[in-house]
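First chain A sits with chain B, and in the next complex the same chain sits with chain C.
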Partner chain A sequence: MLDFLARRIFGAAATLLVVVTAVFFATRLSGNAMDYLLPPGIDPETQAAMVARFGLDQPLLVQFGNFIAGLFQGDMGLSLYERRPVTAIYAERLPNTLELFFYALVLSVVVGLPLGVAAALQRKNAIGAAIMGVAFLGYATPNFVLAIVMILVFSFKLHWLPSSGSATPLHLLMPAIVLAAPMLAEIIRFSRNALLDVMSQDYLRTARAKGLPEHLVIGKHALRNAAIPVVTVIGLQVAGMVARCVLVEAVFATKGIGDLVVFAAIGRDYPVLQFGVILIATLVVTVSLVVDLLYVLIDPRVKVTAS
Partner chain B sequence: MKSKFLLSLAATLLASTSAMAANLVVATQNLPAYVDPGKDHSNSGSQVQVNAFDPLIQKDYSQPTPTFKPGLATKWEQTSPTEMVVTLRDDVKFHDGTTMTADDVVFTFHRIIDEVTPEFGSIKKQFFSNFEKVEAIDAKTVRFTTFKPEPLFETLLNAQQGYIIPKAYVMGLTGDPQVAELSDFEAFGLKPVGTGPYRITAFQPGETVVYEKFAEHYGEAAPLERVELRRIAEMATRLTALANGEVDIITNVPPDQLATIESNPALKVEGNVTPLFHLVFFNTENPRLADKKLRQALSHAIDRDLLNEALWLGKAVVPSTHTYPQYGALYMPELKTFEYDLEKAKALIAESNYDGKPIRFDTDAVYYTNGLLAAQAIKEMWGAIGVELNLNVDPKWTGNDADMETRNWSNPMYFADPAGSYGTMWSPTGARITAGSWKPSEEYSAMWERFRYSTDVEERKAAYAEIMAYVKEEAPFVLLYQPYESYGLSKNVEWKPLPGHIPYVLDFRAGAITVNK
Partner chain C sequence: MTDLVSPVTHPKGRSTQRRSTGFARLWQRADRPARLYLSLFAVVLLVTLVGPLLAPFHPDEQSLLARLRPPVGFDRAMPAHPLGTDQLGRDLLSRTLHGLQLTMLIALVGSLISLVIGVTLGVIAGYARGRLGSAIMALVDIQIAVPFTLIALLVVAVFGNSLPVLIAVIGVSGWEVYARIVRAQVLSVSRQPFVEAAIAAGAPHGRILFKHVLPNVASAIIVVWTMTFSAVILLESSLSFLGLGVQPPTATLGSMVGLGRDYLASSPWIAVVPSLVIMFVSLLVLLIGDWLRDALDVKLK
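Presenting the complex of A and B:
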């Protein structure tokens, strides 16, 4: 197990290094930060002085060397825009995004799993069809459309919910729903299909034959075996959530890392962008690691081998 | 968890139905990365400083023309053309509780004059390049000395860039409290302290500014207990927040959204024509635009009144020359520097050496309200005289590039004198000439010297008229209009932008705002 963990962590670190290198050079290909960060009409001398001050006039490889050296010392650099350590900025922003992710995750699992089970059990009647219809709708609606429609209905018309910001959990309700929608739909779809697969297996017939009540047949024997594809989907969807939060946070003016990364990309704030990508990549890699470990817990047949 | 949820539900409902009296929330399109008046002249920075800081010399902002009045200084006297002696109030407290003295004034100005960071250097160039030194004569008297005679002492000492900051506080922020390190100035920008009626109690760069009433302010007390500025970059989200009662004022409302706001019985619109020009400039040093006949033709081909009607509902002001009412005696609308004349434009283009190939026009997609739409309209207008415009939409500032051809830009009024608007951009030390996109003659520099440093108003006016005639002939740029800047407000807020301010200032000091909640 430890060996497995060590290999996975090494693999994750290698992935991160590739990501970081790609991000470093891709951002610099997009132009000089000071062409974008200073007010239009800045005089050329001030512009040159600012470029020199942030070391952006040094050869690219020297800049990259400094960046990597800083990375290993835990120094992620200063934001070119805010002039303070990027780690301090993310420390302010990350909790909002994680809170949003948490609500979205809980929402989609708590609502999605029962609906998926219901859709499987009621597959031959209108309830099952209705659940699947809603699931497909949730999956097919682009999140920016859903976001705007929700703002229009719940803020603009009904005045029930605040439209922007992240001051209270209530502010996070609409963004969490929008973020959760495709994940919710996926969980419904996959849990239904996985359960249907399992329900045609011989051992369920055996369980019923030995007189187990139906709720135990489903709850104890079927669901556990249907869990693996569902856990995989949740893992994949968390990565998708990172991508979606960029848009959702912009629309709802949630002060999280998605909003920050967009702002940094537009303004060519390289250090903020670099650290954002490292953070997001770390999150995705960690989630996939956790999913792998969950397989072991869910299915005793999955063994960690030291090859 | 549940109780937290209910609690916040209650809090939100409370806040959105009838916010506590004297508490104001403003949603802005942008906010600055730091709050340090001495190293900022950005549109986003100009919004926030006025409430927390004071200049030595104040002004009546309810009028466009300048009437100066005591600020942190009780009196000021120009003892010679190059010297001004200023007497300070002795009851001024900074927000950190310390008392302002002459040392703070010297420190404030010398961080700019000594160009502590490149940003201070930029401010020095545009505002205080004539300032040689600032000395404390005693604890409440300060002497300013300039290199050349300075006709603009009052105007410059009123500018936001001359807002006074506390020396001891700044030096104590990082490292050795007896030394002003570079890091002290960076730290100040994140934890600003001034003398204004509001102190800044929370600041998140680019995100939020929270002001609270400063009880020990020497002057008129702040009318509100608390004001929060909150960046909501998306226009639709800003508008929704206003309609939903989450915020009381929103900024940067484009003209096509005004009807939406006005149709809501709980909301209203305020606005003003800002002392700022949107313009198009030409890189006269690029061989493709070196022929002034071509530039004159392009200038004469732009129907600016049509742009105003179509893009600004006729609310913008189309100027005949580079002048604002805020200049007072130097307001010269009688000059005719820019005009639309299609026939003349066609004649000029025929006489010019225009090579028939497309001319590149650079613009950002969103930075200037209606900037891209205006560029698209200008493409049609230049097409009418046979010039093809090749639109290049890019957020990059290309104005310092040698291969730049034409682009849009804005000229804000940094301080109320032609030197503070035309001069910062087009004087011999201004941004365009130092960038090398315009190289006027020696005589031009002489005209500028006469205009800038003469202490006789009539002589200054005559020199400015000569400068404008030169601009008309050389056509390095054409002014489009002064935009009409609109704000959306809740009906229970009485506020509007004051005409005496530079653009975008959100003034919530005494007399500027009333909230009836």
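Presenting the complex of A and C:
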């Protein structure tokens, strides 16, 4: 067990090290950022001063050393446009993204689980088929298409919800739904299949044979055992959700870290871009690590094998 | 060697069946919905191929007198522009036809590149094992751990947005799926008696790989390719939608949606028309992938 733990943590750390290194060198591949950020025809002295201010005059390895040191000290340099510390910008925006994740997570579990159970119990009639159809659509519809359709319907036709921004929780409702859609669909699918799996087991027949009422058969025996694969899929999808936030936040301009990263990439604001990539990668890697460990704790049957 | 072995392993009655091509056999086994998906996809392919020839206008041709016209059936529609026009008066039907072709081209070339990279690395990891194999699998783990959108953002920020960059970005995406599955398949195939027999008979590595191992892994590769193809279409569309794909005014389906976003309130059709096409194609490919996986009985875990 300890061995497994150590290996997983080592793997996560190695991944992040590769990410940090790759991000640093990739963003420097295109040459000196000052060359295209400063207006043409600027006098050489000012240019040199600007280059020195952002530390771009030092050798690459020294810059890399400073970069790593800065990473641990929380100093990731200044945004090329806003001239503010990158970490301050992200600190400002992270709460919006976390709030959005929270809504999306709650939404997909609270709506997905009952629908999955309903689809399993009603599998032979139209209700079950309808739920699975919706789940398939939720899984297959591209994020931005869903976003566009929702903005059209709920903002412009019905005037119920604001189309962008993050001023109130209501602003985050549509982005949360779009972000949650694939996860919601996966939870429906997995909880349905897990429940159907469990329902064909002998111990359920025994429970029914001894005269247990149906709601107890399902509630006490079936649901509990069906929970394990569902927990796994939630964990897997959370990592995917962090990755999808980039696109969803850019569409709805929620002032989170996702839209920040996209606009940094378009505007080539490297300090903002590189920290954003590192931050999001760290979030994803950490979430998958935690999910893996939780999974081992929840399900004693999981074999921790060396591979 | 194989020629000697095959009559023994395959009963005589099946040898004639094996003559018919893989696709014809699949078609015979396909149920009604699967035949519908395949036929619809054939139509999509046909439109992709000849669509631009049928387009009534040049996709970038502007007409200031016919700006923001809705599709036929709505007020102010012009019969010359059945799907309407955008803010510059460009014909949406023509742009959609050209955009579909470019999107499919990028997705096809990109996904083939990632197929080749992934299969090569997967075969090496499964066949050679040892240090090299572990190194490749470590790379796979890293690629799985890091969201691909981030890599795409970095690459586009560094190299700018252009068609070759977009294809290259898509080419490096998704290789890890092939590598993981191909490695697992190669590992299990290599333990089969006929491969061990070939090794014992002293067949060179190349012959073992291409005559014995790869043909047995082929159906898994085809299934993975189909199943990731819709993801590739969506990746291309998402990047173009964000303005990180091809340069304007060139149309891909994603970039058309991205441009149409600004006119959603007044002229929703600009974004809706290409959105529907993207959704239709990606759904279709997804359904075919699902069916193919079951039909070829490939285990992907």
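In this text, the second predicted complex is superposed on the first by the 264 of 307 C-alpha atoms of A that agree within 3 Å, B and C clash if a C-alpha of one lies under 4 Å from a C-alpha of the other, contacts with A are read in each partner's own complex, and residues count from 1 in each chain.
Going forward, contacts are C-beta pairs under 8 Å (C-beta built on N, C-alpha and C of every residue); 3 or more make two chains touch, one makes a residue touch a chain.
Please read these numbers as outputs of a predicted model, since none were measured by experiment.
When the two structures are aligned on the shared chain, A:Ala250 is found in touch with chain B and with chain C. When the two structures are aligned on the shared chain, A:Ala120 is found in touch with neither chain B nor chain C. With both structures placed on the common chain, the touch criterion links A:Leu273 to chain C but leaves chain B unconnected.
Of the two partner chains, both chain B and chain C are touched by A:Ile151. Using the contact criterion defined above for the overlaid structures, shared-chain residue A:Leu223 touches neither chain B nor chain C, since it reaches no partner. In the superposed pair of complexes, A:Tyr81 makes contact with chain B only, with no contact to chain C. Contacts of A:Ala135 after superposition: neither chain B nor chain C is touched.
Once the two complexes are overlaid on the shared chain, A:Met241 sits clear of chain B and of chain C alike. Of the two partner chains, chain B is the only one that A:Ala49 touches; chain C does not reach it. Applying the stated touch rule to the two superposed structures, the overlap between the chain B and chain C interfaces on chain A comprises residues 148, 151-152, 155-156, 163, 250-251, 266. By the touch criterion given at the top, residues 138, 141-142, 145-150, 153-159, 230, 234, 237-238, 241-244, 254, 257, 260-261, 264-265, 268, 271-272, 275, 278-279, 282-283, 286 of chain C touch chain A in their complex.
Residues 11-12, 14-15, 18-19, 23, 26-27, 29-30, 140-145, 148-149, 151-152, 155-156, 163, 240, 242-244, 246-247, 250-251, 261-262, 264-266, 268, 270, 273, 277, 280-281, 284-285, 288 of chain A are the ones that touch chain C when the two sit in their complex. Partner chain B is touched in their complex by these residues of chain A: 31, 35-36, 38-47, 49-50, 53, 81-84, 92, 148, 151-152, 155-156, 159, 162-165, 167-171, 250-253, 255, 263, 266. Contact residues of chain B toward chain A in the complex are 4-5, 8-9, 11-12, 16, 27, 33-34, 41-43, 117-119, 121-122, 125, 186, 189-190, 204-207, 230-234, 236-237, 240-241, 243-246, 364, 367, 395-400, 409-410, 425, 431, 434-436.
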